[in-house]
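Read from first to last, the chains carry the letters A, B, C and D; within each, the first residue is number 1.
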């Protein structure tokens, strides 16, 4: 057992349901106790979805516990088939019902006999994988199913599209800014003269899946969702894929260059350099922001980054490489894919933290006292407590991550949005600090976090008075550095002289 | 207890394919209500993710509840349940030192047949903190039943008899303390004289502190003294329950607690309508008075005055129709009040109907319909949401009271909705809060009055097929 | 004299310079003392402008004071003419130098003899008008000048454009979200099949001004800048204009319908109803937001609005009419145009406040304790002090109002952005309140502002304890309503019973 | 005072078409420094809008400064200046009750010939608050001269002689108080013995409190006691200035204050380089020691140690070139330090050059160039920014130190810039803060090192014609 107050990624069935309900005209049946259908609430409330969520629970109640589901699951599948005429019905248990070890595959087969729709059991271990892994797995499963089905029927297309084309894989409901990212990626592809052959799963019909092999390449913008599918399509059809997340000016350019290389290898003859150059220097404002005085003032400021692999890695690179901000540590909660993250960010930060324990992250933030945090909603709240501004860059999703206005993280407009996020995070923090310095209305006693109260060092009253003249937001640092300096030299008393000697010595 | 069944009401039962929250959500309000408690929900990631999404911001407030998350080793019984729970409870003791730890046993603990009731006494004596076990989970019917389960378990822990002298007992009780706050002994004595002599009365149901005060004062006006509430503000202040004490519930979803109080604690249950709406509150007070042989004073005037104050809101709903999809078991009481306000209610969906415990409320519903001259609602137990939506399309009610999963889709189709869950969290009991119920009920109507000229009714392109 | 700590609109010369430096290849010469050229800093820093600001000060120093400018102004004009080859040089004094009463018109005439550029003296009274009025006036002056010039040369075009076309008048540098508004308006016009004949002054060449009469109509999106010009063009050439600000779903539709009427009257045959309907219901998310549960929860919440005429009026209408929010008062600092504001908002709010005294506005906010404020940066700070969230909707400009990401206030994307702004303002406030209720880390003692400390009413200790149970953010209101109730009934003591009687009576 | 002119330096004078802030901006730091003051800027909307834009957030902090905004009636002399100012000052007295009101007379007051110097004494005696008049405005050359004007005016208000017994005088002085804080009399006596016997020394220039402490301690190390600072933390604690007291400035823009102290207060000015950079600080301490006949102790080691601590930053700039466009009159001192760090400085623009007051600094600059073996900078008084930009295009310096109006456009053309104004607001004086200067100077270089591989140098499409 684990004492848990909070989790960064949801349980497996949430991932399965996100993929299933992203498709058009696919219905999911949850084999689950009452109340486990809160996915419907999340989708309806967080995403302000206008339509009913196509997920129905087949309730595990005391009867089911006592005597098994018997006809209940099959009845629910066939009923939905009749009511909604979905193309596909996906059956999934939850953590709870998966323990019952009922033969769900058998239910699916029985239901298939009667239902017009295809019926699939989502093949996921609910205790070993989380939401993200399950989503990846379910998407792969559905794609394979329809490719195999088409192959059997001889309906698989053999030719590529005439013009260069792409499948965008991994855009899904309840994904962090996914819808705006998708719009931006489509615009980007249009700029490059690349046709969008398919976007999956969001808004796609399962009938389209057989056409996936027509694309020249696959684009997997998110590390967490789509790689299994892209790998399958590569193995099966030799479709190359690009999994460089186009987030930030540099990585967007790298993504486009990779696309260029891949499609030129297939007979196209494109040169995106001028496009990249023009976007970078004159259309996107992000490169100019990096060079501008506003960003110069951020040089060397300390930040920490935490999130899923995709966003934490991308933001770390942007902060360190494009803005000259000092990333003290970068972390991910995607423990299952930690090696990739380490490899991506190691050269851009002092330390890498891999954990899904929010308490450990809170402590790590308090320890380094960054000027800004880029993290999830949880880190935003840690920041509120510590009086450190936080820009939210990753799921777990929250209604604020479904803005109505256009706010992509990807592509060139994404670079603008990220520049705003970074700038505002630092400057709103600075504004509070300035108000404090100038005796503004927000003056607060700053928590001298992490400074041990029972220090062995005596501060003279003068030194204490001098310390109190220092603005609160650097006072803790000055105090710690001075004490370290004094301790190293075996001083037992800190006078004003010691204080300034410490400053000269360590730049405290 | 009134046993007469209001046969005229039409009860149906559907498939049970309805959406509601999991009963474990009761921890959200119970941990706040019982200030020295800690709630440990023993379940899976699925339970934990529900809590963090449903409770939203609360998690950040360092709540006094947590998950004991079952991992693969727990499920496959490779790990020892006792040792695992001991480790966690010791940590909770170290970090928070609560007066009580409430174990919420989820579905999973039932499936893997975890013997929580067996483990708790042993661990309780080992770590020295009371452990209350409540099986509040999705094998029940409505999320409010979580509270019922917890209160039923706590009823067993109420002291058997007044442990100390009477004056000190007074001190023990938080509500009494509040009412006596800063008063001298003589004043207290004088105050005692304001009460009629009657057998002790304990109220059950978790209400916000201001509402507790209001209902306590309401009864005091009739000379009735409330000896205690289950739950109290602190676990250490649970009310004394002696055999023969009278008990009365404030919420319709507390049938298990009522049964426990009657069967295990030998208390006498006063079966009344629930104190929701001026009509219900008046009936509730009247019923309690009648049991104690008291003639109510000024109740007519009080009710009339409250109704007068509601008139501006009532005007907005009079003649309109409301459809309850069914969620929290407050449906009958709310429908009865809304009908009294002049609405019609074609259908009351309700996840679970204890006709015994709700008998007085059902009778009052029937009476209200007759008096208001409207048709009796169809009461649909274990409703089927899909079927209900079809009926809503046909009936076109002015307002649908529904769970969170259906509100936005119905609004997008031009149907006014109100979240049922809000009635659970808002202060709706007693005379004082009647206006708050109507504030909630009329909000979508007021809002959509604002918007009605804009023609933004249908916000989906083709009517979805559901 | 006036004791002043803050002003909502700048001095006149700022308006003149905003218009002059918005044009392409126009240079301004300020006749002013050292340091009065801070306009250059504002433009360079606030708007992160990449180019040097085309404004040069001709310094008023002690010599000038003693002996007059003599050749200095003329020399500076002719020098800039030679160095930069501008099309037009605009000369302006500032408040200070305007008192010198030098014959600047004479300087201009003398410089004109030598300079290749046109030279104009901005005709503005620096003590009677503010930045906004001066900008309007200068734009009008420049347009008249070039129209007259072309007329004299016989270069005025006589025909309209073939297709319906528009001049967008009033987009300028250092305007509140002007650049993004302009992009959105251009997209909107493109959607409607209307050609953009000209956008002035931002990015326009003065040579284009003679072509203004070719447009079918003028669009003046901002009340503050462009109306004089539009009126002139209407009188001179009969060009109709639309001055309905397309902000919010309803007003955008009204603006489009007006355009439809105007161009159909000139022989076009367009019907925008379907476009409006489609944008309203399915493309813009704002109408759906209004109908959604999130917005339902805002019904009847109290807000106040303050800003310039354009934005304060538009936001008031959106809040009241489209979102069902209770606007307790709406105000403007555009005192010179108060009648228009009153007429626009009176039916949408309880009270109208016309003032440019920020202290009065601060007091008015404290008095009504709204759940959210929509105002300028000043009101944002008032909100911080009172712990009330504020969405910034109007100038005075601030670097935060030059976001890098796309954030228009106008058109359909503008409706989305405004919905986000409104929602986030209320919910972030609510989040803080929830944290307070649930004993979260942000618990603060709430200032019981406006509650007189020396009340004549005694609260019993029980009542005081009961009052303290009420969440801080409504406690003040409950206390005031209870005391009012007690006073009305001549109670001298407030008991718990009185408290709840008050609640029943007044809904406190 | 050294009067030798460093003839070898090349001085030029241009058109004076340069950008700088208005000298009224000095209120931004002076109102903070002098905690019991109120600054009233008498001017137009143009002045007020500058203050609110330049000071940004500060206005929200309820500052102790405000505008007396001249309206049309004031300009046209329809209103009585005295009555108007009286009304405003009475309001300030009522609202804030400062120890002093400083009237900042802007250009406009000069143009309309408002007799501030004549009005102030009368009003001062009428309202009972000292009123100091300072004509700090755009008729000067650099924004830092605002401070010079205010300090020169305040110098006239310093007490003539110690008003009380010596021990009490000590108490009067804030810095002494700080250094003595909590110490017993005996300790104080012992501490006095740490000082050499020398005539009283007063330092002038507004520095942040920690820097005041640092420089005071630096001199204490040499046995030199600082009797006071102009300005002090409170107006009521202005230092005593008797004839014959020594004074030394900490900033190069204080020539008017220096002159006032010499001519009107008969003080002796110690002409030294300014304590900016380890080299300047050392020279400053040395010069003060030499005047008092003290042989400095451990200064070599101290300077060497500071340089050692700077080495990581110095490496970033050694061999690189810096171009000063000219803004705050700190240019000579900063250039001298940067040359000592190994940089070359082709041009030092400077709005105004008092060769007398800056003589020691100029001499040190020359000496530094010789010792470092680099060419002497061209010093351009009253520079012309347009011409400078052309020269920058030709010279391609590694760093341009410039005002806020030119930074972004230069950056957009691939030229590294640092705001000159930051050196005014940062703590740059003394040994301790040398690193902070280099932190500022190297920031654009460090940043652009980060960006250099990205190829984002030219961010304007066609080179603009300026």
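We adopt the following convention: a residue touches a chain if its C-beta (ideal position, glycine included) is under 8 Å from a C-beta of that chain, and two chains touch if they have at least 3 such contacts.
Composition by chain, UniProt nomenclature: A, C = Light-independent protochlorophyllide reductase subunit B; B, D = Light-independent protochlorophyllide reductase subunit N.
The structure presented is a predicted model; accordingly, all values stated were derived computationally and were not measured.
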{"item": "Interface with more contacting C-beta pairs, comparing A-D to A-B", "value": "A-B"}
{"item": "Chain whose average C-alpha position is farthest from subunit A's own", "value": "D"}
{"item": "Where subunit B and subunit D are represented by their mean Cα positions, the distance between them in whole Å", "value": "69"}
{"item": "Approximate Å spacing (C-alpha centroids) for the pair subunit A, subunit D", "value": "49"}
{"item": "Approximate Å spacing (C-alpha centroids) for the pair subunit A, subunit B", "value": "38"}
{"item": "Inter-centroid spacing, subunit C versus subunit A (mean Cα positions, whole Å)", "value": "36"}
{"item": "Multi-chain contact sites of subunit D, meaning residues that touch two or more partners", "value": "60, 63, 404, 407-408, 412, 459"}
{"item": "Shared-contact residues (touching 2 or more other chains) in subunit C", "value": "45, 48, 50, 288, 292-293, 381, 441"}
{"item": "Graph class of chain-chain contacts, one of line, ring, star, complete, other", "value": "other"}
{"item": "Footprint of subunit D on subunit C - complex, ascending", "value": "1-7, 10-11, 13-14, 32-38, 40-42, 44-45, 48-53, 56-57, 59-62, 65, 76, 83-85, 94-96, 99-100, 126-128, 130, 378, 381, 396"}
{"item": "Complex interface listing, subunit B residues touching subunit A", "value": "16-17, 19-25, 42-46, 48-50, 52-54, 59-60, 63, 66-72, 74-75, 79, 84-85, 87-88, 91-92, 106-108, 110-112, 137-141, 143, 386, 389, 403-409, 412, 459-460, 464-466"}
{"item": "Interfacial residue positions of subunit B with respect to subunit C in the complex", "value": "32, 56-58, 60-63, 178-179, 181-182, 209-210, 213-214, 217, 305-306, 309, 404, 407-408, 411-412, 417, 419, 431-432, 435, 443-444, 446-448, 450-451, 454, 456-459, 461"}
{"item": "Touching residues (chain side subunit C, partner subunit B) in the complex", "value": "249-250, 280-282, 287-288, 290-293, 295-297, 299-300, 320-324, 431, 434-435, 438-441, 461-462, 465-466, 469-470, 496-497, 500, 503-505, 507"}
{"item": "Of subunit A, residues touching subunit C in the complex", "value": "45, 48, 50, 285-286, 288-289, 292-294, 381, 384-385, 399-400, 403-407, 413, 416-417, 419-420, 423-424, 427, 441-442"}
